[in-house]
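Chain lettering (A, B and C) follows the sequence in which the chains are written, and residue indices restart at 1 in each chain.
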């Protein structure tokens, strides 16, 4: 009879073990993303074209109105802000992946592993999207600098933007995950999600920054989750303003809390449904 | 005049060889290393109208490459070929009117629509007169017993039913030759038999030349009168299918699963044990020395059987034997 | 006459493609709704933009709506008659061109008609809606919309064919081809007058948005027979180049020396 080996449980701190667990998932995720460098490079052509188009649009806009600034923003600042928004979107691919996991019953495999499924997904998401976003910002910055020159860069603004960046990624994730969980009840929530991400495109400042929206629309949009993602990161770095910053922090926190509680409720109900129905 | 004639047909593929990794990808962009593979090496054969030919060989032997050249999809590196008196790669569209193709892995029927819609579409593609087409279609449907199937969306049909409809589609324009590539792949025994019968039927009633490739030796045996075996680009056998069995297929492989682990096998002349495990046994029966039925009877007399599978020896073994005999 | 046979067959294919999509009724409707919302979203941004800046470079919201009408129509026509264009690169990579080679019809045409985008109806509806809202709606303009739409669709599809045919020569480029095609589409959604200098050259050559959207808008705003002639000639040139490159690539495919061909 061959020797029987049992893996001993690690002696480290419980919390630390949890952290290590998710760190490992994050590492694997980002390593596999780096393997797609060629893909990322070809993505930049797309990116460059988009920024180029925006630049042309705003050159025409500003010169047509014969102004240097609109609502306090210079043209170069607008393009920089757009670059940040373009570098990070709500990911349809992520939604489809999670939904597939849920539908195929793959989730049941995860259910008996000793980790919390949503957190697992978050770590994976951070790994993939975080890296992609970072690459996008690097390339985007090079292209934007080439197109419009620099902006009034303050190191403090960059540092202050870091909590907003983390908030953006988490906020994006919880929105996507909420929609994914809806597929416990609805056949295909990706259609609804597409509509949601269109709203995100319009009100999130991917072509026209909410700061420049007219009248009451501006006030409403700045409260919604769409404008409190990558847009506020861009605005913080490029054209920092104390009041706007504090407001953004608070709003991010509020929206993350909102969606997280939704997830908590939906997940619990959904797993119950899954277990009862037998997947 | 043979309907298919192939003379010294050769096909060599040349492609870049590149090692894994980013650095090597960069290297290969500037200084490329090439590797040549002779997929088909100066093969020759000729086929008369109405023959049923099995064209077999292991994976990578050159089967698909040969069929592609005969159907005009690929052009050769050297050699000549004529199908229906046309050079396939030169007169491809003209040839298309005279041949039919059924590829087991690549369906022609539209997935979401009933087969009848594809039939009507193909009638227009092949520029058929609608009245005679309808008559022919009705006849084909009757022959292949697909009357109830053709109005159901193809995606709802079973694989066997789909293959029957695929064959109907390939025959709509009354081709002189049909090329079938793995038509029974993935089918169960009964469905296989149905397909084989339908193909045989068409050959008998219309004199359509059948050119069949398959991995399943059973297909070849039941359906074709002549077999051509290709291995590593060369033809190693071209003769009567019957003699393939008589000369080279002398054994059956039997897998048995027993109810108790304490099974006993009496030594029987002509039976060789290939593998043995706690509950199972794999034996090879030399059919020239022993009778499968008797062997099984003797084993079953002494033991309780849970399951039996009887197979032909794999193609590779037949080919190995052919090589051995050649020496 | 051969061309009538092809027209007849094209109509057959359109009917079949449509019927195939209708089999999945819910999905069919969903696709149309999604597409309309997607297009609508973009138009919404413009509405917000122009409600802030009333007029930019002589363009008003009406001109933008007209632009979107043209975009909807040329895209819809292309997707109806030549929906298979978007799949060319993929089919080359998977060796699925073989199927078309065994049939007695022109290969390029066959690949184009073999597929149709399910949301096509939505694009037509959107385009017509935009056209009506733009204030440029009139009988003559409708005729112009249809005719320039057809020409623009031909140029768009031809560009797509050219990019996808690169897969014949360079292997795994079909993702790149798709990106280029979407980029062309992207360019056609912005008023061409904002593009200056070297970019203009690009927009009349490699990414012919200038021909696809620019000239049709100009023609509807103010008809000029010369511009129509230029558009017509450009269409012929693009179609010819597309055919030549595709068939050159097909020859290579038939010789079997493709980097990614499945043996």
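The working rule: a residue touches a chain if its C-beta (ideal position, glycine included) is under 8 Å from a C-beta of that chain, and two chains touch if they have at least 3 such contacts.
Since the model is a prediction, treat every value here as computed from it, not as a measurement.
Taking the mean Cα position of each chain as its centre, A sits at the greatest distance from subunit B.
Central chain (C-alpha centroid nearest the global protein C-alpha centroid): C. Centroids of subunit A and subunit C (each the mean of its C-alpha atoms) stand 31 Å apart.
Annotation: 42 Å between the Cα-based centres of subunit B and subunit C. A separation of 52 Å divides the Cα centre of subunit A from that of subunit B. Looking at subunit B, no residue sits in touch with two or more other chains. Residue ranges on subunit B touching subunit C, taken from their complex, read 11, 13-16, 39, 60, 64-65, 68, 71-75, 89, 92-94, 96-97, 99, 101, 103, 106, 108, 110-113, 117, 121, 124-127, 153. Those residues of subunit A that touch subunit C in the complex are listed here as 39, 42-43, 45-46, 49-50, 52-53, 56-57, 59-61, 64-65, 188, 191, 194-195, 198-199, 201-202, 207-208, 212-214, 217. Residue ranges of subunit C in contact with subunit A, taken from their complex: 30, 33-34, 37-38, 40-42, 44-45, 48-49, 51-53, 55-57, 175-176, 179-180, 182-183, 186-187, 190-191, 193-196, 199. Subunit C makes touch with subunit B in their complex at residues 5, 8-9, 12-13, 16, 19-21, 23-24, 96, 98-99, 101-105, 254-257, 259, 263.
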